[in-house]
Amino acid sequence: MSTVRLWTDADVAADPRVKAVFDDIRTTRASDFVNHFWRGLANHPAILERTWADLKAVMVAPGALDPLTRELIYIAVSTANGCSYCVHSHTAAARARGMTDAQHAELLAVIGMAAQTNALATAMQLPVDRPFDVGA
Amino acid sequence: MSTVRLWTDADVAADPRVKAVFDDIRTTRASDFVNHFWRGLANHPAILERTWADLKAVMVAPGALDPLTRELIYIAVSTANGCSYCVHSHTAAARARGMTDAQHAELLAVIGMAAQTNALATAMQLPVDRPFDVGA
Amino acid sequence: MSTVRLWTDADVAADPRVKAVFDDIRTTRASDFVNHFWRGLANHPAILERTWADLKAVMVAPGALDPLTRELIYIAVSTANGCSYCVHSHTAAARARGMTDAQHAELLAVIGMAAQTNALATAMQLPVDRPFDVGA
Amino acid sequence: MSTVRLWTDADVAADPRVKAVFDDIRTTRASDFVNHFWRGLANHPAILERTWADLKAVMVAPGALDPLTRELIYIAVSTANGCSYCVHSHTAAARARGMTDAQHAELLAVIGMAAQTNALATAMQLPVDRPFDVGA
Amino acid sequence: MSTVRLWTDADVAADPRVKAVFDDIRTTRASDFVNHFWRGLANHPAILERTWADLKAVMVAPGALDPLTRELIYIAVSTANGCSYCVHSHTAAARARGMTDAQHAELLAVIGMAAQTNALATAMQLPVDRPFDVGA
Amino acid sequence: MSTVRLWTDADVAADPRVKAVFDDIRTTRASDFVNHFWRGLANHPAILERTWADLKAVMVAPGALDPLTRELIYIAVSTANGCSYCVHSHTAAARARGMTDAQHAELLAVIGMAAQTNALATAMQLPVDRPFDVGA
């Protein structure tokens, strides 16, 4: 099931622009496996290029947060947005980056807790406390 | 604006069950300030007690993720759920736990990136790749 | 703040099509007060007519669920969708239909619990149990 | 998998009220195929009638937006709401109304971009700029 | 498909802490069937215990709302959050608690109506009416 | 209210990297007004540069969808995501690109209709019809 065609390796090989991105994905990840997300975006080379460039800058390049923490945040957003594909792919990515069972358990606990208090705060329509306001 | 009454310190002082929770919040946080979330939940002592007990277990007790990482995840969920109050309160909490400007910037970048790829994956309705499936 | 003009009673009086809907809202609710939702939709008479007709059929007409239960469900959906205006207006509507503080407390508890377990189930990407499937 | 029974053509033929709606769907769309959405709603004739009448008025009748543009908007909402069934059915509908691959690509790009900036704006909790306020 | 291992009855029997919760679920529900939600949470005994304790307090214990009404609210939240698993499991739970087809139809009508007016109110960015504000 | 500092023109003038982006925004839009979104992102020059570059590519450059259609899609996503700031800013942008009142009315009708049928389809957990599946 998908709303777009998923490109095979043969399709990719026949399109230099798409091939360049796939080559870089494989090199960057040091793995031959390229997941469906990129095989779907391959239909739209401009989006493919832009999305991969952004993802590399945000998720792979060294930064102020370590790569595992970034994956945990990614899972949290994907869960809240109900993106089934993304929860699967980024849980796998987090495991590949060393997420332990205990960390996964705690991630789930925080996500569940946040979802609950989000709902309670929204149902109560609370005014923001003055000390929380940066502009105050 | 709120759909419930927000309890003042005088209201709290007059209700031993609510007072016990507020006392524990103040002791645990080593601060006299108690934010609106708890002042709204005070209308429902049973929810107040349960929510505070759960939050303490999930966000304060030592665990596999450090407290700042848990706050970053909390902000991520609150943003994806569009909870204005929660984004404000947990951004303040993350700052209080040492979040730097660079970490905040990177958190925003990851949240934005995840929201974008969530939307793209959902629009393409991608099947989950076999290697991502724990049960496979 | 709004993205559309909110019609005053004078505006309404000058437009027979809009006036007919406003008259019916006032008669049906036995109240002169007409809230902003309808004053915004007044810009689009066809949507105004259709939305009011549907709302009357769904929320006012006798049915298998009593009117208060329908309002509780409305608040639950509005909270999950993060619609600030709707949480306010339907909490007021539920109170007008007799919602007690204890019922409101329990509503909040259920909404919060559901939000939490929704997040946990989504994060675990659970397969549906066979007994839950009507078509099985 | 579904939480309701999906009506077969034989079921439909046996219920005049449901049959009338199905006949109109087939005539309006000039196609014998009736998708699961209507076969599920058939359990509730009043909702079936109302939903089809509304959908016809909003999506089929001539208006200020051409039918393809309306389908693009429908896909955008369905994606943001994470409705898998709806993304599939309205992507098919858009294709039937002439959506090209290039238009689909651009639709995805806009949906992804909007999702990203939505998340960034929510995380920053920005005040609305005065020039954006119609009521100011 | 799942991101965590689902515990079999043999796994459960080997872990006293998990077994205690499963025993209580079976006793409370007077049924031997334990659904995937708990088999996934079994990986994290602390979350399992806390979630079951909370769910029992919120959904099973006597209160101001009858158990069926609570299930209807649960379905409403689960639908708005797009949690496929939860819609399935709580629709089954509501049926087990006596939900009739007519009540299910009306629940769907209210959920659909609320989703529509939520979207309209959000698109118009309506200011909350003064009479809806508890704090005014 | 905001969780980040909003840069003034003086702040911008003092930072060449940020100034370059603001200059390009002003030139591209042929307007001196720069809205809060960019003044918030200015705290994070790398995100500012990337987001503006992407937005220009997606929303301003010539493409398969006309600029007004792209804005309508943007409003649809922003509404479904409940981003108050974004609904305001993109409704203003759509008006600046010529959106008529009749088009706005129809946009609202489509957004509302989609939200309603999304909810109904999710509540019924419908299987995707075979003809909708591109991969079938």
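Letters are used for the chains, namely A, B, C, D, E and F, taken in the order the chains are written, and counting of residues starts over at 1 for each.
Note that in this section a residue touches a chain if its C-beta (ideal position, glycine included) is under 8 Å from a C-beta of that chain, and two chains touch if they have at least 3 such contacts.
Because the structure is predicted, anything quoted here is derived from the model rather than measured.
Enquirer: A-F versus B-C: which interface comes out with more C-beta contact pairs?
Expert: A-F
Enquirer: Identify, among A-C, A-F or C-F, the interface equivalent of B-E, where equivalent means over half of the contact pairs coincide by residue number.
Expert: A-F
Enquirer: Among the chains here, which has the CA centroid at the largest distance from chain E's centroid?
Expert: The most distant chain relative to chain E turns out to be F.
Enquirer: Using Cα averages as centroids, what's the distance between chain C and chain E in whole Å?
Expert: Centre-to-centre distance between chain C and chain E: 21 Å.
Enquirer: Would you mind pulling out the distance in Å between where the CA atoms of chain D average out and where those of chain E do?
Expert: Each chain's C-alpha centroid was found; their separation is 27 Å.
Enquirer: Using mean CA coordinates as chain centres, what's the chain E-chain F distance in Å?
Expert: Each chain's C-alpha centroid was found; their separation is 34 Å.
Enquirer: Which residues belonging to chain C are in contact with no fewer than two other chains?
Expert: Residues 1-4, 6, 46-47, 51, 54, 57, 77, 79-84, 87-88, 91, 105, 107-109, 111-120, 122-125, 127-128, 133, 135 of chain C each touch two or more of the other chains.
Enquirer: How about chain D: which of its residues touch chain B in the complex?
Expert: 75, 79-80, 82, 84, 87-88, 91, 107-108, 111-120, 122-125
Enquirer: Mind listing the chain A positions that touch chain E in their complex?
Expert: Per the touch definition, chain A meets chain E at residues 82, 84, 87-88, 91, 101, 104-105, 108-109, 112, 119, 127.
Enquirer: Of all residues in chain D, which touch chain F in the complex?
Expert: 1-4, 6, 33, 35-37, 40-41, 47, 51, 54-55, 57-59, 63-65, 69-70, 72-74, 76-81, 83-86, 88-92, 100, 102-103, 105-107, 109-111, 113-129, 131-133
Enquirer: Touching chain D in the complex: which residues of chain A?
Expert: Touch residues, chain A against chain D: 1, 3-4, 43-44, 46-47, 51, 77, 81-84, 135.
Enquirer: Touching chain B in the complex: which residues of chain E?
Expert: Within the complex, chain E touches chain B at residues 1-6, 46, 50, 54, 57, 128, 133-136.
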